[in-house]
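Structures are listed in the sections that come next.
Presented sequentially are two complexes of chain A, the first with chain B as partner and the second with chain C.
Presenting the complex of A and B:
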């Protein structure tokens, strides 16, 4: 209540102007959605999923939707908070079990999540990340409550070891009756479709984006007398730190004017320190340790070449960030990486020390001969590739499609579970779904929906925070659009 | 001027809100819950006694029965004296401050007074309470060290927990008085 009346009445923000482009007028204003993003991973935890959720929500708010985020409490940060533009975040007091993922019993979160879904009048549940137990819980509850569900998968999985077999089974159960699934690259789509045995038609590909204004080149920050190779990644097995430890001595011997800057922290850091010790490279290999996201750009602009040695990657944000800073990118050809950048901006190698060294040498010789484009030019090309506005627009289309679909009624859902997930797992989860439904009936009897107060919208068409159209009460949505023009 | 309206609390129970306007600068809001009903009293007593009889048939010790009597009596007294709040009152006087009174079912009253100099604002906030997300009215206190900071949040109507429509009613009136107070203190 205290924030009511805040927000610009005077001039419509520039974002409003830009979205009234003639083509999108009819499509984007036909309906607005009440979207609830659910994931265990959100700020203050840092990472790709977190920034994806935040940026996507901001762009959806800009497009006139109502967005709320549900995550678990981080230390002292619990309860309800508001972020920029009235983005409402629920930090629920649920127990964290492992790696910032909450424990799941499939039932204990239903009362709170139901209360939030009802009071916010949510129509679409959008869960993120297959590692997040809360996201799967929310999907399960949303289907019980008859709400539309969308799921975004951010990572690739294997098929062979025991843990992936188990997670894949759970994913099959969780996604078999989800309305729509979003993947970040075609490789990731293929992976998800195979893992969860899905119909490919309900899987869309929407890549991640970077904020190009955060990653601008600054050529005079780097020394042109020497060549600097930058590596920014977590130092773990998945990111290929072992390959890196093989590349460093080989190239340092060959090129006396070559330096390495390595940003990131992880259990494999010790290998790099060993290499540095053994070959006496203390002045040429700098280990920066853990970097905050805002410092990444300042590290990137110090280099000429960006090296990515990942062994598996759904969509590599790091190489887009590096290219946006005007660096030549050398990367392994794994997962979705070949889809990310056009051929002239990236040198792709096999994930082996030999191949990566060849790639780096090619980049170095191009650099020395001056054949590489200027950082400013690379930046200008890359910044048009992946923008959050574009991601939001495409996600909105998914929402529009999902909103027109019917949610499976209980009997069909049970049929689907039993027929789709195998006789044993299917029956177990069908039983759990029935229990969940009974629990929901019990909760509805304890506190009927009519007793739960409807929350005051902070965002969306009737948002108290971003009330862009003071006259929106009088007319319909078309009216509301035409007046500011 | 005095009027009474009926609202409901977050669990669906009935609440009565009495508003007394003594003068433009002094208002009183009084939220009263229904009194302890005979039915719930009987239900609780019966369960305790049935449990006691069950134990008694098992171990055949008459101490259990007398203990049950004491437990119900003491429990009832304790509940009426320390837990059950019948009425919560918020009295706001613009030049003086805000007084919150809660009267227990036994007749005990506890009063808190906050002087106007310490009050920063009265707002409606959201919180996660048990397995629900609820709205509540609270008073923000100024931090004496820092002029823009908040040192403490004092919730109002803590036991009655009225729903949003009732809170908005009280909030509007409080804001009127606070605005009045600010206007008068700004132009002496």
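Presenting the complex of A and C:
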């Protein structure tokens, strides 16, 4: 995925085109931004947030912005790395506390982050995921430094138990003076507005996307003599693996020509194995274990029906990927799922074994009678729904809007913290904000902004990655190389 | 790739048109809660339907004052049990109460309670559990024999420990008994085994400070009666005959207060205040605070699996 990956993957024609496109696009654009994406979750970790950050950054680079990513070090992967198209990633040496999220003291990351923000001349901080402590830290420091802030929330949260009461309070503090918030679905927006007590006007809904060229149908890969139901998810309680363990025996007894393929790993795998053992379904239920993202498509195309049993979900990319591969989707009606696909492409059920079995039976009978549209047709419809370019374009509008807004000065920020977050929490965090500001003054006195080197832009309007070097030797070589083309 | 870009600029154009004349377009198009189609609204558009699926307090229970007062009697009973136990111990310690007398009364009331226990529900509970009277008699005999046999040991068990430590320990154990007692709440802290064990431990501690081993034996027997058997009878009374349960609770509370009054007037007043605040003031506050309850529910809540899925594995 680093330098070499770029050379290996990007075929010369597309590379040339993407070199041309930023210029042509930026001519019609009034301004470009220096964006810093911050999250604890990034490659080599894999998941929805990680791919969102990567894809969005790539499309923003294509649109002529300068983008860098800041995350924490993953084992041996530390320091600075460059990804495709000169996307610069800082892997910072911060301690991981729990679930790949860093520990936070609100202060210790300031020197490093300030140095990066100044070096890279960042104007907009875009933090991702409410589970990431680093994202919240970055928001806090950015406001102290007077930078514009944007936050993307990828998950849903309840209100009932003590832990969610506490996390929601922290989110209120973190978002009360953030310029703009992005949510991935309307349900997620309602949730975030309630959790953080926000004005809904500053919350935009921009869905996730999938790359439709990665998820193409291949009907010949599946056996039409049998019906195959595919499940691809982590095998954990929140993804409804318990429901799945009830559905499998119920349907396998009813339909002798039904098979299951289950991709994914997790603590609940054991109950699926028990069910398989108990009902002697070893030849009909295949457990594939953990899948790499590139293998998901090859698993999906082997099936006719995709089953999603999640108990909570903000957007659910899995069902879009499955539909893009031409599968009929059966899913629980939870969270933002009803917003994601039109009714003719998805069968929505209540989160119970009975309802899901009815939904699956409906899909099976449609499949047997030939009432389902061809995979190719489904793919052609779905591929128009969600594209990363569209996401980037809409995110860019948010950046444009944010760049025109004023960052709250220190006194107003303190007022807002105290008035908005309750008397106790508000005062505590106002005090912390003051300390943070003093710490920043101290750092500025130690190393003034003026003596911090400016980093070479790899991307952006005058990016080194896209610029031809007429003077240097390397540039000359480049020119020579591009001549034969 | 080029096609996509074309689509992108098309959308861009449409967006600009929308910005130019928002009035006409928004009137025609109705906002839908869907993501798969671009709608002629900005991304931060807030529709009238925003938060329409929000529900509040759907699982919240409405409490009735007297019902809560009735339920609070379990706590009152347990407090009184502890109070009666301590008062009896004090009388024994002072030599004002003969152990034989306590044993006789305890035995008689146990027998009455035993008969009542079966009479209240017409012997249904016994049929369900399938336990014979012979088994009851056997366990009672075994318990009494062993306690009697070991009572000299109990008497000398804590001789090397200072009396202050014993008192402090007994106080903590009785408090622990009250905290962990099963009042009927479904919480992690509830553990009736731990609660009973703490009470028995407290009784052993206190019994070891009595003058003779017969005293110790009778004190521990009494502790079993009041902390293990009495709550069982109470539970049944409460379920089957709520009226008589209220009567029994009042009687028990007044006798506990009377006993305490004979030792210390200040203690009795404080204890009475405690009982009144638990049975009258706390329910009142619970109902008042109920008005401020704001439990938010909506489509973002994690779905609950309501079925019993273990049947697929058994």
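Quick notes
Criterion: the second predicted complex is superposed on the first by the 439 of 485 C-alpha atoms of A that agree within 3 Å, B and C clash if a C-alpha of one lies under 4 Å from a C-alpha of the other, contacts with A are read in each partner's own complex, and residues count from 1 in each chain.
Throughout what follows, a residue touches a chain if its C-beta (ideal position, glycine included) is under 8 Å from a C-beta of that chain, and two chains touch if they have at least 3 such contacts.
Note that this is a predicted model, so its numbers are computed, not measured.
Superposition note: with chain A as the common reference, chain B and chain C can be accommodated side by side. More residues of chain A are in touch with C than with the other of chain B and chain C. Residue contacts after overlaying the shared chain place A:393 against chain C, while chain B stays out of touching range.
In the superposed model, A:278 lies in contact with chain C only, and not with chain B. Of the two partner chains placed by superposition, A:150 touches none, neither chain B nor chain C. In the superposition on chain A, contact of A:191 is made with chain C only, not with chain B. With both structures placed on the common chain, the touch criterion links A:305 to neither chain B nor chain C. When both complexes are overlaid on chain A, the residue A:430 reaches neither chain B nor chain C. With both structures placed on the common chain, the touch criterion links A:251 to neither chain B nor chain C. Closest approach of chain B to chain C, taken over C-alpha atoms in the A-based superposition, is 34 Å. When both complexes are aligned on chain A by C-alpha atoms, no chain A residue touches chain B in the first and chain C in the second. The touching residues of chain C, when paired with chain A in their complex, are 1, 4-5, 7-8, 11-12, 33-38, 42-44, 46, 50-51, 53-54, 295-307, 309, 312-313. Taken in their complex, chain B has these residues touching chain A: 8, 10-12, 121, 123-124, 126-128, 131-135, 163-164, 168, 171.
Across the complex, chain B is touched by residues 1-2, 78-80, 90, 92-93, 111-112, 115-116, 119, 447-448, 451-455 of chain A. Contact residues on chain A toward chain C in their complex (touch as defined above): 14, 17, 21, 156-160, 180, 185-188, 190-191, 193-194, 200-207, 238, 240, 242-243, 245-246, 249-250, 271, 274-275, 278, 311-312, 315, 332, 334-336, 338-342, 351-354, 384-387, 389-390, 393-394, 397-398.
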